[in-house]
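Each chain gets a letter, A, B and C, in the order it is written, and its residues are counted from 1.
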Amino acid sequence: MPSADPAPLLVVLDLVGIFVFAISGALVAVRKELDLFGVLVLAGATGLGGGFVRDVLIGAVPPAALADWRYLLVPAVAGVTAFFVHPTLGRWERQVNVFDAFGLALFCVVGALKASAYGLEVVPAALMGMLTGIGGGMLRDVLAGRVPVIFRGELYATPALAGAALAVGGVELGLPVVVVAPVAAAVCLVWRLLALWRGWQAPLPRGSASV
Amino acid sequence: MPSADPAPLLVVLDLVGIFVFAISGALVAVRKELDLFGVLVLAGATGLGGGFVRDVLIGAVPPAALADWRYLLVPAVAGVTAFFVHPTLGRWERQVNVFDAFGLALFCVVGALKASAYGLEVVPAALMGMLTGIGGGMLRDVLAGRVPVIFRGELYATPALAGAALAVGGVELGLPVVVVAPVAAAVCLVWRLLALWRGWQAPLPRGSASV
Amino acid sequence: MPSADPAPLLVVLDLVGIFVFAISGALVAVRKELDLFGVLVLAGATGLGGGFVRDVLIGAVPPAALADWRYLLVPAVAGVTAFFVHPTLGRWERQVNVFDAFGLALFCVVGALKASAYGLEVVPAALMGMLTGIGGGMLRDVLAGRVPVIFRGELYATPALAGAALAVGGVELGLPVVVVAPVAAAVCLVWRLLALWRGWQAPLPRGSASV
């Protein structure tokens, strides 16, 4: 089993990503008029869900977040914050989306490298990286009773898959992880920010949908 | 790995809790006009789902319920019962809620102690205990196509978290489990029954929800 | 841990089953007007979801599909195919249902035997076999925002449970697996095809549903 002692910078980045994802989950809960508990659960599910699903699938249980109180405190703080100051956060939606893109870039790379460290090959590890990035949002939407927004045209998963694939592919080719990881995260981040800025959409099926 | 030989009384209580949860799942399925199979699945998911999710997260697989036929028989009996006598059960909704509170009190304490026995620290173990109590109902609601009712103001998860936290906290402080567990379960039970009786609600976000 | 070197014929059958299930998932996504990514995720979730849930519950992680690129390629091909030729596939719905019945028959038997090989007893192993057959479709429907269709009267899960129970029961009685498995799969298949042809329904609850 791989060492579980990541660099302090990585932990800080990870916690920032969880915080931003948790904010997005809490805002969905507030919009759905859920109570404080629902806000906290959606904050936690969005911030930690992707990593939990990945860890369960690759056999890394209990998930790291259950062994480190900071990973549980951060989504709780995000949930309580959103519960009380959601009108302000709502006005900052554009900025939240930008932070969310940072979270996505980080999660897809870290998730893919962790899956690779647990013995998965390149393609499944890249998929696990993508799942780390998008799984929390999917869980949030299922719990909130809506079809995941990332299935509805928003270009979100493709940058995550690209970043994850670059990260594990580069490491597989023998490139140093300190070079590969930032480049892969940057590709995901820039692609996602361009998609936000330009309104890029994922392709929709053509023709009659009444199959 | 901890011993899997709980006291007979605990097994009986556990089975009673599963039965009551399964009844609540089957009644939701009947209301949604699902077929017999849907009723059985929702009975099983509600009765066993919380424990399954906890066991998968803490690495206790296969879940204990899959190694003991009684844990599979009980939700099946509950499902078939509800399928045939649901009008009667509907009239007993108040009593079902009271039994459900017993199930919640039991599950949160047993779940928290099991997570603790698998090496989780106090806070994550308490969360796993709460998840054991509320996870089945959440799974029931997602499968039935509705937002989990426990996100909608009902005071349900907080008593579960309190009971779970008292149980693992007390054991951590060196108190004997035969004292801590009943006290923790009683706190959860009384709190939940008071919430039912007085109509206590969890707090809702203030102000415009149109963030 | 059991050997993971199944016969080539079984792998081919398995991939055919995954392909057909993935087509059904992709068609639901197209009907819901999801984008290409949503189509691919629903294809993958439907084709692989049942096996993933089974593997996580019996402790066979990472799931076999994550260690074999063919298991990831097949749902991707199915998703892309359905994305582009869905009007044609829609006209073939009857044939898709027949292939789906083959997939169900195969998955329930293979899933039950795998659970048995991981040490589960007859009843839980049969349930795991049924879950392998129906889990993908349930996950598809939850992600697509609808109550699982198999809860709504269609006779689908009962043939799967029968096939799974016959398979593990026969092996438990000492019968050779090369005899038991095809017979069990044939029972599931014929039952399911008859249900499709005759419009057999699972029983619905009687009386007022307004409990």
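Basically, contacts are C-beta pairs under 8 Å (C-beta built on N, C-alpha and C of every residue); 3 or more make two chains touch, one makes a residue touch a chain.
The shown structure was predicted, so the numbers you read here are calculated from the model rather than taken from an experiment.
S.K.: What angle, rounded to the nearest 5°, describes the rotation that places the Cα atoms of subunit A on subunit C?
M.R.: Rotating subunit A by 120 degrees superposes it on subunit C.
S.K.: At the subunit A/subunit B interface, shared numbers over all numbers used: above half (same) or below half (different)?
M.R.: different
S.K.: CA centre of subunit A versus CA centre of subunit B: separation in Å?
M.R.: Comparing mean C-alpha positions, subunit B is 29 Å from subunit A.
S.K.: At least two other chains touched by the same residue of subunit C: list those residues.
M.R.: Counting only residues that touch two or more other chains, subunit C contributes 56, 142, 145.
S.K.: Please output the residues of subunit A touching subunit B within their complex, sorted ascending.
M.R.: 27, 29-39, 41-42, 52, 56, 61-63, 66-67, 69, 72, 83, 86-87, 89-91, 93, 142-145
S.K.: For a test of understanding, state which residues of subunit B touch subunit A in their complex under the given definition.
M.R.: Touching subunit A from subunit B are residues 56-59, 118-121, 123-124, 127-128, 138, 142, 145-148, 150-154, 156-158, 201-205, 207-211.
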